[in-house]
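Everything below concerns the one structure shown next.
Chain IDs A, B, C and D follow the sequence of writing; residue 1 opens each chain.
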Amino acid sequence: MAEYSSMELRIIVAARELRDHESVLVGVGEPNLAANLAKKLQAPNLNMVYESGAIGSNPYRMPLSIGDPCLVTGAKSICSMYEQFAYYLQGGKIDVGFLGGAQIDKFGNINSTVIGAYNSPKVRLPGSGGACDIASNVKKIIIITPHEARRFVEKVDFRTSPGFVDGKAAWRHLKLQGGGPYAVVTDLCTMKFDEETGEMTLVSLHPGVKVEDVQKNTPWKLKVAAKVEQTPAPTEKEIATLRGIDPGKIYLR
Amino acid sequence: MDSVKTMSMKEAVSKYVKDGDLAYLAGFTHMIPFAAGHEIIRQKKRNLVLARATPDIIYDQMIAAGCAKKLIFSYAGNPGVGSLRCFRRATERPKPKEGQPAPTDWKPLEIEEYTHFGLSGRLFAGATNMPFLPMRSNIGSDLPANNPAIKTVKDPFTGDDVSVVPPLRPDVAVVHVQRADRNGNAHIWGITGEQKDAAFAAKKVILSAEEIVDESVIRSDPNRTLIPDFVVHAVVHEPWCAHPSYVQGYYDRDNEFYMQWDEVTKEHETTMKYMDEWVFGVEDRAEYMKKIPREKLDRLKFKPAVCTPVDFGTM
Amino acid sequence: MDSVKTMSMKEAVSKYVKDGDLAYLAGFTHMIPFAAGHEIIRQKKRNLVLARATPDIIYDQMIAAGCAKKLIFSYAGNPGVGSLRCFRRATERPKPKEGQPAPTDWKPLEIEEYTHFGLSGRLFAGATNMPFLPMRSNIGSDLPANNPAIKTVKDPFTGDDVSVVPPLRPDVAVVHVQRADRNGNAHIWGITGEQKDAAFAAKKVILSAEEIVDESVIRSDPNRTLIPDFVVHAVVHEPWCAHPSYVQGYYDRDNEFYMQWDEVTKEHETTMKYMDEWVFGVEDRAEYMKKIPREKLDRLKFKPAVCTPVDFGTM
Amino acid sequence: MAEYSSMELRIIVAARELRDHESVLVGVGEPNLAANLAKKLQAPNLNMVYESGAIGSNPYRMPLSIGDPCLVTGAKSICSMYEQFAYYLQGGKIDVGFLGGAQIDKFGNINSTVIGAYNSPKVRLPGSGGACDIASNVKKIIIITPHEARRFVEKVDFRTSPGFVDGKAAWRHLKLQGGGPYAVVTDLCTMKFDEETGEMTLVSLHPGVKVEDVQKNTPWKLKVAAKVEQTPAPTEKEIATLRGIDPGKIYLR
């Protein structure tokens, strides 16, 4: 069986969630690698859109930031910051967005603002950036994150980006055009969200992981699907393709 | 015809940036006007309200140097690297020292926080003088509860609650571009961020350019002119203005610097040591650039990738 | 890689324009898609709601040919010449014939009327999916009293009444451009009008181009790409699509035609005679163009005025 | 004394109202000629903006329409239609706008929509276009029009573009950012507007014209300034410069 790191696992499993011809709002790091991997495998017509206004980039190297010049040279189109959010995101043209955060709770709400109180924080995080806008407007949110107990909390200290709030009823009341969180991909498992309640639910265990391992790293009583799948192990092809995308190991560990 | 607007960055900052101003130094990763930020620090401007969607290293420096009273922003990070330590020191509750009581005189930097769409929308609304901007975001977040400037109105067509933000009208905007003529007509390409919106929204505009070109170059491609001269107050010829950030087609980002900044700013004292050498220790951008090894600058240069031109036609 | 989107104008109109559709054939004087309008007339589409800020000769033709049930507009004139006689016949109260009673069966074309800012704003709001667009106009005019879609809301920041218009989402938009690749990534220059907004606002987009170019030409200048492929449904290679209007850099406006139209449309019958010859009497745009003397087309060609290119840089 | 047509007179008198460094929203025909004349005389830095999104044009011929390609080639800048109205007009960047119309009334309201009832008009006119937006947002409106009794009416059939409504009190209530109508230039005289009431007031008589001539062509009792000026006759230089701008007499009559 092939060897792979837990980051490689997360990226490969997340990439499998993308479909051909979808439009993806891509961030740097793991989301960028996942989108590029999907494009090289099952989704050659994936349309990659960057928050910085670059559309359909064709980068000559690994981007160092979301606004890297390599995302511009040879791209299909470029627009301003407001235009990117207005025409593409609010315009409902984006199918999938990737998010991460310091805290994720059981309804898929994400905190990237503060740990502690807003006005006297213990840790001041960078803030929403486009995260709240993405969470509110894309059809599917995929959250990629290491599965650590400090990241998974029953209720986030600050709701930067709405998941299903405190349940689907509250979320429906917001009338967001987005579809809300779709999947949480960690190095242990994939979780999706209960149709009725919007609660995070374990649906697939990665190779060699048991339900107890997941529960141990999740500080609330995690809901488990009636039938939990086994995530197919990363294939040689997936691993080789992924490593080919970041040969200098700028992000891959 | 020489323009009365052309001047040095020193003159431009001295003339158009006042203590207490709401200042917007534009740029989304691209063409960040570092040279203007350094000049503001050198001239010891105080009580500024700094606004930018993505305050990055230059705002971290201005905060550390004591120029800022308040920050209006949507993402305060070191792009591609991590957090902004000076910003964090200015906003996080100080940890009590071992065996000492918690400090009681803590006065954090004031903040006013939006999403990217909210802040770029505020600037767009300022640029186009909209009374307010309705937007499909915010309402599921805790941001509005912590920012009274984010309000809701009833959509008269559907009856739904819609989040709105007010226009942002900076006192002064600083915008760096690739090329401009002496009057300030500016060609911009690559990531266009909020440069145009900042220039239209602000009461005073300092425009700096990598190259000052003849008006005929600008007029050969009017669709490329995102900023017309008559909204511009000062035109500064400032090559390498954006270093360590990048300018599409001119020079790449100095990524080494971005990574070093994380080290430099571990303590306030080490940060100020940097400032003494690279900001207060030089007269202007030209002197700053002399301190950077030639080989490094050569490494940052691009190979050409020239666009297919278009024909406007004449009779 | 051949695109599944490339097709003839006949196929595109047949596939994407349905009876009863709200259709927006874009263009502010520049790049008006006459060839698409003629195809819509030939295919006898009915009950269309035609929308455009500046309905001009092509909309006058579609109204005369009976395609339209309603017009949404802000300025219905023959640009630079005068009025649109078919539009006027369809909206003005008929004068009673000498010695006869006033006609009682008059059923005018429905209209929905805005200012330029209001209609281009509705399209911008549609393109960006704003719930509604606040704007500083309308309130001193009699337009809102005659158009229930123009409403007011209270500005939550000042308490003032602000005029708002709803987003416009056409069922189908037709946009003509200078050059596009086979997937529909389109470069546009010169007057950019509402082409981009129409393409983003509409549910289906027919894009026609003077030239179909290799993707590498488009990618050499991404800032020039106002419309990206993934909002486009049909790509039509249609040279001279815009005649008698113009295409910047390609051919000038046929002003003679604009002036003749005023004569041609003096009566409904003379108008339909034109239609029989130039619309129903030809198979497609290529046949239409064959009817125009070569010398005339040569007169409409520009001399080159090529822009100074820009460098995007690579590593 | 130099010979000139009544159209030339209107254009020359209107051109004198423009100041150097002002931004003018220019339409084709008389406004275009007036702006270009001012630019060649007292206002070399006049900034000409066209409704079609062309800024600082440098036309190689007389434009045939407001969207003529000659307004683009060699212009300083171009923007889209919505941007032109949003950034420039609503943005408050325009000092002067020229308007005309089928009817103008005593408070400077303009009708370019219908003669007769809106729903069953006797004459259907083209509509507002940008006129209402211009009237609402520029600092000074200059109206250029032939002085005909059918154009000057006490109250317009349809208020397309607001002047001072039915007096300055009503106009102030609208809180428009524009300054309202500033001058009406006809072939007989120049009229401005009463500071207090907003009523159109005769302020300057063109050469050889008497107050009675103006009143005869104005169907309400026209207010006359305490001291009526004499409009200086067009100079040789003004006439020659104007004719040099339209040598083919495309518009000039």
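To be clear about the criterion, contacts are C-beta pairs under 8 Å (C-beta built on N, C-alpha and C of every residue); 3 or more make two chains touch, one makes a residue touch a chain.
Since the model is a prediction, treat every value here as computed from it, not as a measurement.
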- Two candidates, B-D and A-B; the one with more touching C-beta pairs is A-B
- Query: How big is the gap, in whole Å, between where the Cα atoms of chain A centre and where those of chain C centre?
  - Reply: 41
- Item | Distance from chain D to chain C - Cα centre to Cα centre, in angstrom | 28
- Two or more other chains in contact with one residue: find those residues in chain C. 129-130, 135-136, 160, 189-190, 192, 220, 223, 248, 252, 302, 305, 312-315
- Query: Which residue numbers or ranges of chain D touch two or more of the other chains?
  - Reply: 54, 69, 72-74, 78, 86, 90, 177
- Name the shape of the chain contact graph, picking from line, ring, star, complete and other. other
- Note on the structure: All chain pairs satisfying the touch rule are A-B, A-C, B-C, B-D, C-D
- In the complex formed with chain A, which residues of chain C make contact? 127-130, 185, 200, 218-220, 222-223, 225-231, 312-315
- Complex contact set, residues of chain C against chain B: 129-136, 151-158, 160, 162, 164, 166, 178, 187, 189-190, 192, 217, 220-221, 223-224, 248-250, 252, 302-315
- Which part of chain B faces chain A closely enough to touch in the complex? 28-30, 53-54, 73-77, 79-80, 83-84, 87-88, 91-93, 106, 108, 113-118, 120-121, 123-124, 135-143, 146, 160, 189-197, 246, 248, 252-253, 255, 258, 302, 305
- Query: What residues of chain D sit close enough to touch chain B in their complex?
  - Reply: 23, 47, 54-56, 58, 60-61, 69-70, 72-78, 86-87, 90-93, 177
- In the complex, chain D residues that touch chain C: 28, 51-54, 64-69, 71-74, 78-82, 85-86, 89-90, 113, 116, 118-133, 135-137, 158-162, 165, 171, 174-177
